[in-house]
Structures are given as structure tokens and as C-alpha cells.
Amino acid sequence: MRRHASLDFGPFLFLATLEGLVQAAVLTLTALGLSLVFGVMRVVNVAHGEFFMLGAVLAWWVSSLVAGSPALGFLLALVASPLVVGAIALASERLILRRLNYHPESTIVATIGLLYIIQQTTLILYGPDARSVEAPFYFRVEFPDFGYSGYKLVVIAASALLLLGTWFVMRRTRLGLVMRATQYDSETAQAFGIPVGRVYAQVFALGAMLAAVAAVLVVPIQQAHYLMGLDPLLLSFIVVIIGGLGSLGGTVLAAVLIGLSDGILSVFFSPTLAKIVSTLLVALVLVFRPEGLFGKRAR
Amino acid sequence: MTAARVVGLHVLVLALLFAAQFVVSDYDQLTLTRMMVLAVYAVGYNLLFGYAGLLSLGHALFFGAGLYGAGLAAYHFEAGVPLAFVAGLAASLLVSLLIGLIALRTRGVSFMIVTMMFAQAGFLALLYFSRWTGGDQGLPLPAAARSFTVAGLTIDLADAGTRYNVAVALLAVAIGIGLLVVMRPGGRVLVAIRENEERTRMLGYDVFAHKLKAFVISGGLSGAAGAAYGLMFAYIGATFASIQYSIEVLLFTLLGGAGTLLGPVLGTILMFYLIDKASEVTSAYLLVVGFVLVGLILWFPKGILGTVRDRWARWLP
Amino acid sequence: MTDGVNQARVSRRTALKGLGIGAAMAAAPGFVRYAQAQSSAPIRLGAPFHRTGIGASYGRWYEQVATACVNLINSEGGINGRPIELIVEDDGTDPQRGTEVIEKFAAEHKVDVVFGHLFSHVVAATAPRAGELKIPYLVCSEGHQTAAGAFNRYTFQPGITDVKAQVISMAPWISQNLGRKVTIIFPDYAFGHDHRDYFSQAIEAQGGEVSALIPIPPTETSFTRYFPQIPSDTEVIYHVMVGPGVLTFVKELGEHLGSRRPELFGFIDSIEAVDLASPQLEFLEGTYFWEGHPRYAQPGQSEFDRFYRATVGVDENGASVDDPRDVSTYAHMFSVWETLFVIKQAMEMADYQGPEQKAAFIEALESIESWPESREHPQGEKIFNAAMHQCFGHQYISRVEGGRLNVVHTTAIEDGLYEQEGPDYREMPL
Amino acid sequence: MSLLATRGLSRHFGGLRAVDGVDFTLEPGEIRAIIGPNGAGKTTFVSLLCGRIAPTAGSVLFRGRDVTRLPAHRRVGLGIAYTFQITNIYPSLTAFDNVALAAQSSLGRGRFAPIHADALRQKVGAALAAVGLADRAGEKAGELAYGHQRLIEVAMGLALEPQVLILDEPTQGLSDAEITDFCALVRRIAETATILLIEHNMDVVMQLAHRITVMDRGRILAEGDPSAIRADRAVQAAYLGS
């Protein structure tokens, strides 16, 4: 019984690339949130994946409240879910992280605790089942050798737009300027009258919201489930570290690279093997090239 | 004399644990057995975290190495209990030596993430090589793999009483090793590295070598706990190598008091009990883990015995 | 059956207990409870259900069926005049928790029988512990390991047919009606491996051929990446999937294949607890599924099936009577109901009064040869192979038509019988 | 043979030549002071000597042996001890434990046998007594007065039984009375060890040093006995000018 693939190499690679792009699109948004929080606050947020999960679960809840067209429910979820997640993140920042004075190792332990609190509370309130959200629209794109979900292609485009939006906020608005100043040197920023504490809270909320948006986009493809936060967390870690801690450009580059390579490796080999390779890669990058593959050496 | 007081206290604790089997219910005896084996794991973890100040988020890898080292030897090669245990111990020593050589080049947050990633890779590898490891399903060990004879005395780990006393003995050995490491001059060097690494280097200590030694001893104790757990309860599974087991041992240690020898034992017993009781009330019993972690970090960073030592008993090791 | 042997066993055990604990402990609460158990205390059934983890949707319905069934039995006088107490623990669909939970049942709850495990990797880890703890362990799983002789005297599978028998009995129909070149998509653990191994054998025995085997981790959430492995000359895709991602699995399968698809034969597991009316599942129209018990009430439904549905709270579409979108795991959960009645029957045969009569209970269970279709066995008649501790019953092949599943073929019990592979459990010591 | 010597020792940070081709020798038994304006490269230079940082070029010789590639802890083992510019002790450990860490380092040197507890106690006691802190052994080092913390640091240096003791600005932050005591202490230490001292306080330098090395912009500007250095025009220019 030899395993031989149905598709020729060309279409096979094309499908793998599409899968990789979808993964990269969602991953970019999620990892960007993690990277932003690390870059500005120097805090590793282990609960980041749970914000992603919350985004998806809330999307299910919001869209199930709306009768009628699935598009309406989805659009409402796209707005409401990140806002609620942002508010929860803001509260956790005020109640926990600030009290720890953002001490790096303590915040990791605290956010591990936060991870369990969010995940298990969701289990209590939402239950252990996986639930689906209907896509706002559905069409099937017929390629010569296989079919593909049109919605997935739209996810790629939507992520690119959101990415541009984030870039605009960071580069062209006062909020972005303040964030970049705080990231560069928080003490000097404080001396110039920037309310660093408030910036931290905003950044933490914004990071969580990016994860939530990514989750809302993904939930018509995957189902909302209380354990779905772990994979995006690990992948985001991988992306942020390989891209260079705190470097937004590096994060985007690494997300595309990891998303694509994971997507492609998963199709050609085994998804588990792809994950083993990337986790080992991350460990080695952190040891031997701590500034990341695309980062510059720290000041 | 401080040393006598310290040794006396630890002997007393072990004697109480030994005596407990005559008064507790069947279920508490079973639970205490599990607690003591996991306490060995926590004692090992604490040598690295509490004394050398290295916070690993990947110790499940070493527990898992011991578990699978022993379990696979018993399952595939029909090794007897002593040989399987040695195989588990050797596997965890080897894995911790290799990981230590690489991970100890980093510190702080990077060290936490590197250890976590290695452990995750190990966990995934257990799933990937499912032909050997049983993957998600794990492997139940045959009953024959759990009974052995020493000096004409047959020890059957399937027997609850025997198992309990083996656990007491193992914990005694672990605490003994802990005392040896901590009370001797070498223990002072570990604490010195935790408090001020650069100064310690400039006092002429090979900091890397000391850390590596602590890492390997810690990994070995974790592996011994894993090997014992597998052989005692006749099952090895990937869950034991998952990140949750890395986090629970951190929690045990933090709760009891990092950097105190008995802290992890106390923390393991309390937390295990809490989780077990919570699981009777709700499936979301890990909620307890979350709240205790956050609470400890915010209000009680030194844990129970750490606070006791600061306030009342400075001589506690 | 309170014969001398059993009474002797009682007194010996009591004496040992007394010696072991000492007279001082006789007043302890545990001892009092034990003493009461001799007279009027309820029969305690340990139920390790998959409340969380990849089996959660099954676990919820297993629990609902068990609760309804126990209420029914209790309202009709219980077992031997004693009520049943159901003690449920969550095992997280995790083999490790499974082994811990059964120890808890033995040591803390001191249950009479444990029943209700479904996922075969949990069963595989737990069954050896049950044998060691000498607790009767009745699984509601389709794993082949029990029938293969991999376990012990204490482990039974009396409520549902095993995978090997299921696929042997269906393979001829598949090869004659759908095609001979088959690609098998299966979850990559014991249950999936049973499908892989025994369906491959069965289809080859029919002159068919397996063109590809596609294993998928049971925790996977994204599936498109696996589908390019489906060879283009495949005539039948045989799919069986479990876990939280099953809806995604079928949706993505539909997306990938489109209208020019080969024939699809799925185990209902792939859409168990999933509403067939979900968007994007239209492509399933005209495909086939195995069902252990038809989800949609069929024309000529038996009175037993009607009674069973009403009692467990399921409507004629297999959904909860409270919420038509909450679809049950109908094809599997009858096994809980039937297993409970098997426990009742064997306990009554043994005049069971307490755990010291475990041996009599097991021997009684091993003396049963068949069950007729009845209120106690609404899925249909079954025969029980005591040497293999395994029951064999009818299987149903259904076709999706107009958004519902209509049975098109019912296998005969004899279609699924096979030679005994392992030892005779009855010859193992108790 | 000189005790400690460097040949063409350099250390560059990016474009900055912190230490630039220094040839230096230290004879056994002397008290040597290194002086120079801020940014002259003094601390970088002694850090190269004791191995805390690696040189860009050049070599370090100890008793004629090339130790350039030797890691810092091995050089401490050979007898090159360093006390930090900023007080650098273990604040949460007792004074005893602080000094014991140094003592067990020198006791354990080159041996595999376990360290005897009595020998250790004796040695720690002697070092603490030498700096006048014998009665503070049980106190937490971080809770001691600042001057005493500096003395703990010196006691640690002593307990290492070094051949060369490098003191980086040891009198910084001490009162005049403490400085006087300190000078007496250094003279006592000098009976058994060679001393290399970075110091800004010229009174201390003139009082203690046998010879003085003046550094400026990473190079050695002048070297000689105190009176010669006092008279050197280049030195005056470096301190006063530019």
C-alpha cells in the first residue's frame, strides 16, 4: 500500500501555499499583539492565546444573539468581541500586571495563572463543546484540481487590511508615537510627560484585541473551543522570538515565514513534525541568536 | 546545634508520613502515595528554582524522560523494576545534561521560554513517535513489570501498602539528597549564584558548572519521580510530559516556599489535595491552579515555609 | 445465591479488614459506612464520563442517558430491592486521568461496578488497572481490544459491537455498492487504528484495495492540509473522525472535493452530535454513514426505540427535546442504557448484595448468551460471546436524503462474527 | 619575573578604544595605584586583567603564563582577586556567609576533598576580624552600614588569599575616619599580597602607592613613584587641560 498523492506537485504546492497564507494571515495579527506587548512593556504575556480563544467564544455568543443573516451577526462580533476582550485585558493589566511592577519573571507566572483563570472560567460558562459560527458569506472557489473556501481567501485579504491599519496607527497617529517613544525608552518618555502607566494599559488591551480580531476571523473556519488558545500561543511565541523580540517588522516577516513553512511542511510531511521543528528552532534561536533571525543586536 | 535541628525536623516529617499509613483511609493512602512521588519531583525542581534561582518552565520533560525511560524499558524490553528505574533515571540525567548545556546559556525570561520550548518539542515527539510511545494513548505496563525481589523479599508495587512505603523511602532519599546539596558548602554557592551571579564568578566559581550540576541533579530527581510514578501506577502517557506538569511543579514549589527544603513537599500535599477536592465539584478544577498562582505572585511570593522562615525560623534550610 | 461460599468470603474479608486496621479504627466513619453497605445502602456505580476533552460531546449525552436510565430503574424498585447511586467523575478524555479516576472509585467511593468509558485510548489505559483492582469494568466503547483478549476477566463490552465486527459486516455492502478502491481517513490512535487495520483486511477480503491511509491526530482542528493525500483514483473515501473539530472536518472535506467527489462512506462519528442541517454540509446529500443506532426515527420504529427516546429526552430527529439544534450522540449512547440493564440483569441473577459478590456477578454475566430486542435493548437483539466478553449486534448503513439519515441496509449479526483471537477470559482467575 | 603583565592589551567598544595597546607590568609585593580622569579606561583595564571582559587584542601574563584565554573564575583560582567599584555583595546573606563564599573558594582550590567546616569557620573568622567585623558575622550583609558593607567586600577579597588584589575605587563613599582605617588595612594586606588600586582620592594614592600608573584615553600616560608623578607635566595637563 504505497501512499501516492492525488495532486501533481504544482497544484499540491499551490494548495499548501494557500493553507500557509491563511495560517500566516491569522498568525500575523495574533503574534503582532504579543510582540507589541513585549516590545513596549517588556512583558511576556502567556495568557495571549486565551485572549484569542475569548475572541472566538465571544464571537459565537454575539452571533448567536443575532437572528437573521449570518453576515450581520458576524459583523457585530467583529466589533463587539475585540472590545470585550480589550476590556478584560485592561482589567487584568490594572489588577495584576501593574501591581507586579511588570517584573519580567513574576509577570510570566502571573499570566500563566491568568491563562488558567480565563480558560477554566470559559469552560464553566461556555462548556466543553466546540461550536461553529456561520461565515458571513460562503462560496467555493473551484481550482482545476481542487476546491477551496472563498471565505479563507477573504481572511487573507482582511488580515492584510488590518495589518495596514495597525501600521497606520503605529506610524501616523499620536497614540502610535507615544507607544514607540515608550518602547524606545520608558524612563525618558516618562520625563517628557508621557503617562507611561496609561500607555501600558492601552498597549496591553490593544495586543489582546489584535488576537481577538484574528480569532473572530478564524472562527468560521475553525470552531470555538475553550482549549483553542494553546496552539496560537505557541505559534505566536515562535514568531515573535524568531522575528526578534519587540520588533514589529520582524514579527510580520516571521509570521509569514512560519505560517507558510508550517502550512507547507504540514501538507508535505506531518503537522506534528512541523511543530517539533519550529519549537526546537525557537529554543535554538533564543540561545544562539537572542535578537531573533531578523532583529538587530540589542542596544 | 542547627544541623542537628535541621536533620531532626526532616526525620520527624518523614516519620509522620510513614506513620500516616496506619491511620488514613484507603483513598488518602493512595493520594498520599501520589503526593509523595510528586513531592520528589517538586524537591528536584526546587533545587534549581528555589536555590539556584533558575525558573524552568519545562521540567515535565525530565519527569517524562524518567517516566518513559522506565516505562519503555519495562514495556518493550521487559526490564525488571530495578533495571527499568535505572533506565528512567539515566534517561532523565542524559536529557537534563543535554538541555542544560544549551539552555543554561540563557537566563531570566529567555531561560523560561527555552526550557518550555524544549519540553514542548519533547512532548510533541512523544506523540510523533507513537509506534514506540503509544502516543496520545500511552502504554499500560504489564503487571509482571511491577513486582521484583530483593534479597529474597518480594516487593509488589501493585500492593497499596508496599507502594506507599516505597514512596516514603523515595521521598526520604530525595530529601536526603536535598539536604546534602543545600547544607554543604556547594549549596551556599547555588544561593550565591541566585543572589548575584557576577559576584560569584569573581569569587572564583565556575558558575556555569555549578548551574549545570544543579540542573542535572534537579532533572535526575524529577526523572526518578517520573520513573517511580510510571512503575508504581503502571501507566505511562504523554499527559505527564505536557506543559501542565511543568506548571504544576512550579505551583507546588511556590506555594510551599521556593528555596526551602520542605516547602515543595508541603506545597505538593496542599495543592494536590486542593485540586483533587476541586475536581469533585467541577470539571474546571484547574481554575484553582490559576487563582493560586496569581494570588501567590501578588501577595505571597515567598510561599508558606518561606514566610515562616523569614518570621520565625531562620535556621530552616 | 447467598450460598456458603459467598458467606465464607464475607467473613474472611471482614476479619482481614479488622486485623489490618485494628480495633481502634472500628469506630471510624469509613468503617461504619462499610458496615451499612451490608444491609440497605445503594448499589454504587462509578461512571467515569468524558465531561471535558475531545470526548466531551459524547460524555454529556452518556451522562444524560445514564441519569435517565438509573432514574427509571430506581423508580421500578432498583436492583435486588436496592437503589442505584450513580457517582460521576470527569476523566477529561485523558488516559492518565482515566487511570486515576478508577483508583478513586475503588479506594474512595468503593463502588460496586465501573461503567461508561467510551474513548478507546482511555479504556486501554484503564482496563489493566480495573483488573488489578478487581473492579468489574463495563465499557461502552467500540474498541476491539476487549474482544481481542488484550484485557482481563473484569473488563466487559456488553453494550456495543466492536469495530472489527462492525467493519467486517459492512465491507461486503461497501464493495458491492460503492466501490473497491478505498481511501481511509482515521484518527491516529487506537480507535482509528482498529478502523485502519480491520477495514483494510475486510475490504481486501472482498477483492477491494486500499489506495491510501490518512491518519489525523484526534486533537487536530484544521484538515484541508491532509486531503491532498487522497489519490485521484479513489472510488470510496472511508472517513471516521472524532474530537472537537469534526464539523470543520466534514466542511473542509466538502470544500476540497466539491461536486466531482468519489463516493463517501463515513462512520457517524464524523458528524456525531452535529446537526445535518448545518451550513456547508449539503454536499453530504447522497453519501452513506454507519450508524450504531439510527439517529432519525425510521419508518416502522419499534416501541422500544420510542420509549427509549422519550425517556432520555431525544426527539425523532435525534436531537434534545429541549433544543432541536442540540443533536445527541445517538448512534453510540444506547450502549450506556443497555449496559446498565446488563448490570441489573447480572446482579439479579447473582442476587448481588455487595462487593464481596463480585465473582458471582462476573460469573452470572458470563453465563448470558443473548439479549432479545426489548425495552432494555432498544438498539436491537444481540448475542454475547462470554469467552471474548464482547456482544455482537446489528449495524445500520444510512444514506443522507433530504437532510436526514435513512437506513438503507441492516447487517445480520452473523455478518460480523469472527474467530476468537485471544485467550478465553473465563479461564482467567478472579 | 613580574607578577602580572600585559602586552599590547586593547579593548574596543564599537569605535571607542577604551583600552588601547597597553603594556603594563606589576612586580610582586608592591602597592600600585592606577589613576586618571574619568573615561580613561581604568576599570576596563582591570576588568581585562581579571577576565571579566575579553580583550580585542593583546595578551595578559600572570607569573609569565599567558592567561588571556582563561575565564575569570580560573584567574581568581590562580590568585587574581577583584573587588567591585560599586558595592557588590550578597545583601540577603549573613556577613559570615558572604565571606565564607570567598573562603571556601580558596580552600577548595585544587582539591577534591570536602572542605572541613572548622577550617572554614576559622578562616572566615580571621578575615572578618582583619576588617574589624568579627562581631557582625550573624547579621544580614544588606542591613549593615555602607562602610561596613565595603569592609565585607574587602574581607571577601582577603579570604580569597589572592596574590594580586585589585581594588576598584575602594574608598568611594567612605568618611574621612573610615578612609584612615582603610589605609591601615590595605598596608596590612600588602604584607601578604600585591595590591592594584584604582583610586580618585589623591591623598590615599600618595599615602599608599609605591608606584603610580596614569592612564588617559585608553593609554598609559606616565608611570613612576608618587613624587615623580606629582611633578609630571603631562599628568598635570591630562587632569587640568582639555
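Each chain gets a letter, A, B, C and D, in the order it is written, and its residues are counted from 1.
Keep this in mind: a contact is a pair of C-beta atoms (placed from the backbone, for glycine too) under 8 Å apart; a residue touches a chain by one contact, two chains touch by 3 or more.
All figures in this text were calculated on a predicted structure; none of them were measured in a lab.
Novice: Measuring between Cα centroids, which chain is at the maximum distance from chain C?
Specialist: Using the mean of the C-alpha atoms as each chain's centre, the farthest one from chain C is D.
Novice: Per the centroid of Cα atoms for each chain, what is the distance between chain A and chain C, given in Å?
Specialist: Here chain A and chain C have centroids separated by 39 Å.
Novice: If you average the CA atoms of chain C and of chain D, how far apart do the two points sit, in angstrom?
Specialist: Chain C and chain D have C-alpha centres separated by 77 Å.
Novice: Can you give the whole-Å distance between the Cα centres of chain A and chain D?
Specialist: Distance between chain centres: 52 Å.
Novice: Quick check: how many Å separate the C-alpha centres of chain B and chain C?
Specialist: 37
Novice: Considering chain A alone, which of its residues make contact with at least two other chains?
Specialist: 123, 128, 272 - these are the residues of chain A that touch more than one other chain.
Novice: Any chance you could list the residues of chain C touching two or more other chains?
Specialist: 51-52, 217
Novice: Residues touching two or more other chains, restricted to chain B: which are they?
Specialist: Each of 127, 283 in chain B touches at least two other chains.
Novice: Can you work out from the touch definition every pair of chains that touches here?
Specialist: Chain pairs that touch: A-B, A-C, B-C, B-D.
Novice: In the complex, go through chain A and note every residue touching chain C.
Specialist: Within the complex, chain A contacts chain C at residues 1, 3-7, 12, 15-16, 19, 23, 70, 123, 127-130, 132, 134-135, 138, 140, 142, 146-149, 221-223, 225, 227-228, 231, 263, 266-267, 271-272.
Novice: Quick check on the complex: what are the chain B residues that touch chain C?
Specialist: Checking each residue of chain B against chain C gives 22-23, 25-27, 29-30, 34, 127, 130, 135-138, 140-143, 158, 160, 233-235, 237, 239-240, 279-280, 283.
Novice: Any idea which chain C residues touch chain B in the complex?
Specialist: 22, 25, 28, 30, 51-52, 89-90, 92, 94-97, 99-100, 103-104, 107-108, 110, 120-121, 124-125, 127-129, 132, 188-190, 217-219
Novice: Mind listing the chain D positions that touch chain B in their complex?
Specialist: 50, 52, 71-74, 76-77, 81-82, 84, 88-93, 97, 100-102, 104-106, 108-109, 114-115, 120, 156, 160
Novice: Can you list the chain B residues touching chain A in their complex?
Specialist: Residues of chain B touching chain A: 55, 57, 102-103, 105-106, 108-110, 112-114, 117-118, 120-121, 124-125, 127-128, 247, 250, 254, 282-287, 289-295, 297-298, 301.
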